[in-house]
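Each of the next two complexes has chain A plus one other chain: chain B in the first, chain C in the second.
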Partner chain A sequence: MEQEIILNEDEKDCLQELMNIAYGFATASISEILEKFATLSIPKINTISSKELNTYLNTKLRTNKKYYICNQLINGHLSGENIFLIDERSSYNLAKEFDLDENEIDENEIKDIVLEITNILSSATSGKLASLINATVSFNSPHITKIESLDQFDKRFESEYAHVIIISTELNFKDQHIKGELILLTREKSSNYLKEALSKVLEDL
Partner chain B sequence: MKYLVVDDSKMARKMIIKNLSSLIEESSEIIQAQNGQEALELYKEHHPSICFMDLTMPVMDGFEAILKICTFDKEAKIIVISADIQELSMQKAKENGALGFIKKPVSEESLKSMLKTLGLI
Partner chain C sequence: MSINNNVIFDTVNNGIIIIDEELKIHAWNNWLKIFTDIDAKDVLGKNICDLFSYINEKKLKRKIKTVLVTKNASFISLDTNDYLINIPVSNITNKVFSSMKQEVTILPYDYEQKLACIYIYDVTPLSEINYKLQKANEELIDMSHRDPLTHIYNRRYFAEQSGKILAFSKRNDLPLTILILDIDKFKNINDTYGHFVGDEVIIKVAKILSKHIRQSDIVARFGGEEFVMLLQNCDIQNGKNVAEKTRLDIQDSTITLKSKEIVDFTISIGVAQYDQKQDANNLEHTVSRADEALYKSKNNGRNQTTIAK
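This part shows the complex of A and B:
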């Protein structure tokens, strides 16, 4: 049976700090595009087994809301997948930030904007994290789906990611009511690579 | 001389201390705080020469801590070391009283350059 990868307290702290740097870099990129100030939250590191992924998401997704789920495959040392969760209302508000008139905003426009934001957020975060631990990564094009309940969430995530490190961070533009969450799912070998890289960073201190 | 290093991450504090150690006298004392509230209390107790402050922290963030420390001591020398590299964050930190801003990850070079620019070494 697959088990969750174990990170000790120092390794978790180290990963949290590296993610803080990576996410700060990504948020600054988005903030620059939107010309809006984003409030940074402290990234939360969660190591869970694949079977707990659904339960975790259950706590994140509200039953009465529709969500866009945008996922991007990552290749290389940190192979896995980034998922960006954003509710329908936030997506609409995000589209408005791109100077679109209300009558111009339709589902296709929203999907296009969420895809682009995910692409920047996901690649900037994972790319920066990789550079901080001397890893290399490349990215596939992101895909987007709209779901109305957790039952519609792709079950593939559970089966493909045996060891899951969830690094959750919020994209929060305070006055614009835009709130999203980025989740990084890592494959078993990437989790091990990451754990070794974290140990090395700590050893060098 | 006394230095105050403020960050909620132990690893970040270690990284700052490691890089700072080669730039300061061996006899210097380095005090650590995990959030803005602790920093404010330790600042009042120890009156450090320079304070290195993170921005995104629990309990009390760096923006508020800078403001409160600078209200307490108008001569406070605070350098921000943060991953929040948005222009507005840098501007707000400076408006609150910070003298300089270093982007994470911190290096010996970036610390040295900032301390030299501010005439602190």
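This part shows the complex of A and C:
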């Protein structure tokens, strides 16, 4: 339950390719929904064990910044939880891209927009990845919290989840750099399903 | 087996609306008719925002577009919205909310006609339980931070907060001053009048101390008849002023017993400002210096304030 997801080099490359396709879809979706040009940087994929996630988040949250943390449960073949982590400044910039006037932007609106972008990124990654490997998934309603330290983060993920896939990306609008990170927590069964599915995709190539 | 979708549509225990991207209503199920008292014939073909003016049109249009573009679900979360359609709660027992709490899921319905399906779930009972649990938790946390006799903070809370306050003060280069206060000859009060009166004196002192602090400061009972005041953005001179005002206020206070006998009491105080050179990131050291100053006040005749070296 504590090891890093074991993917060989080919499987890692395959996952990176599938994620590139998924993020391409996410970029196109965001541009179409907001009717403005947006780009997502090529996602950097990193796989770690759930124990290492604690250290990883600790480094992130040690910067005296406040973060919005949005989590969404995934059911089905790729069951687990997606977490989107975005700092306060980036969230504010994101709200401006959703055509909100300065006087319309408050804590509630920002949360609403982070929830929406999480849902889009989550469905574009887990949803698209699922469709590319013939898996079935469904999503629960996402939830959002504002946190300042790791103490406010529920530590149960260490026992709940086996593996962690971190997808770092930057969402860019015309003059705005919005940094966010999507973290995919997968259960043991789903990690095995993903590994098998990736091998199958490679065989079919 | 053939399935009659209309039966499901009109008997399911949640609201269902079929809506287009211009927010025109195409279907409205029986659940909604019952809870809103609005018949389907009165809403079909109408814009949902014209019917319910509190719905944010821009936001809902974006969500409908999101589901049609991503071909996946979108949600209206309880974290940011209490409901989509305001339905008064009719439950007379355990009523916490005046309106039904709703979780809303929006799914694509027909891509060609650009239709989406809105599912409204009543989560009021669960929200009420969560609300009560949260309140109970907050009360428990608050109780664990407070002294049961005086209701001011306890030593544990002071220890938890003082580290954070010191870090904030250092980061913003602000002075931080600590006052240690002790009721003079408290044993005599207990021995003469009994513990009940002793407790009354402790409560009275705690109330007076609370009067002399700002919202950003902390007053806590350290144990027995000893108290601590942590004054943010306050140098030693201002700390001494607060100490003296507090001391004089307590000197002028009394407790009147049932027998009409008047009990008066005084306090001794030690004051120390956090000093990076002397205290080296350790606020406990500042407390020790304030404690030493307090004992000087005691040894010099009590009912006085001494500043630490």
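Methods note: the second predicted complex is superposed on the first by the 194 of 205 C-alpha atoms of A that agree within 3 Å, B and C clash if a C-alpha of one lies under 4 Å from a C-alpha of the other, contacts with A are read in each partner's own complex, and residues count from 1 in each chain.
Basically, a contact is a pair of C-beta atoms (placed from the backbone, for glycine too) under 8 Å apart; a residue touches a chain by one contact, two chains touch by 3 or more.
Since we're looking at a predicted model, the values are computed, not measured.
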Room on chain A for both chain B and chain C (clash or fit): fit
Which superposed partner A:27 touches (first chain B, second chain C, both, neither): first
Touching partner for A:148 - first (chain B), second (chain C), both, neither: neither
Partner chain in contact with A:13 - chain B first, chain C second, else both or neither: first
Touched partner set for A:196, first chain B, second chain C, both or neither: neither
Which of chain B and chain C A:108 touches, first, second, both or neither: second
First, second, both or neither for A:127, with chain B first and chain C second: second
Chain B and chain C, minimum CA distance [Å, superposed model]: 13
On chain A, the residue positions that both chain B and chain C contact, one per complex: 32
Residue numbers on chain A that touch chain C, as the complex places them: 29, 32-33, 98-99, 108, 111-112, 115-116, 119-120, 123-124, 127, 138-139, 141-144
Residues on chain C engaged by chain A in the complex (per definition of touch): 58-59, 62-63, 65-66, 69-75, 77-81, 103, 105
Complex contacts: residues of chain B adjacent to chain A: 8-12, 14-15, 18, 55-58, 82-86, 88-89, 104-105
Contact set on chain A toward chain B in their complex: 10, 13-14, 16-17, 20-25, 27-28, 31-32, 37-38, 40-42, 132, 201-202, 205
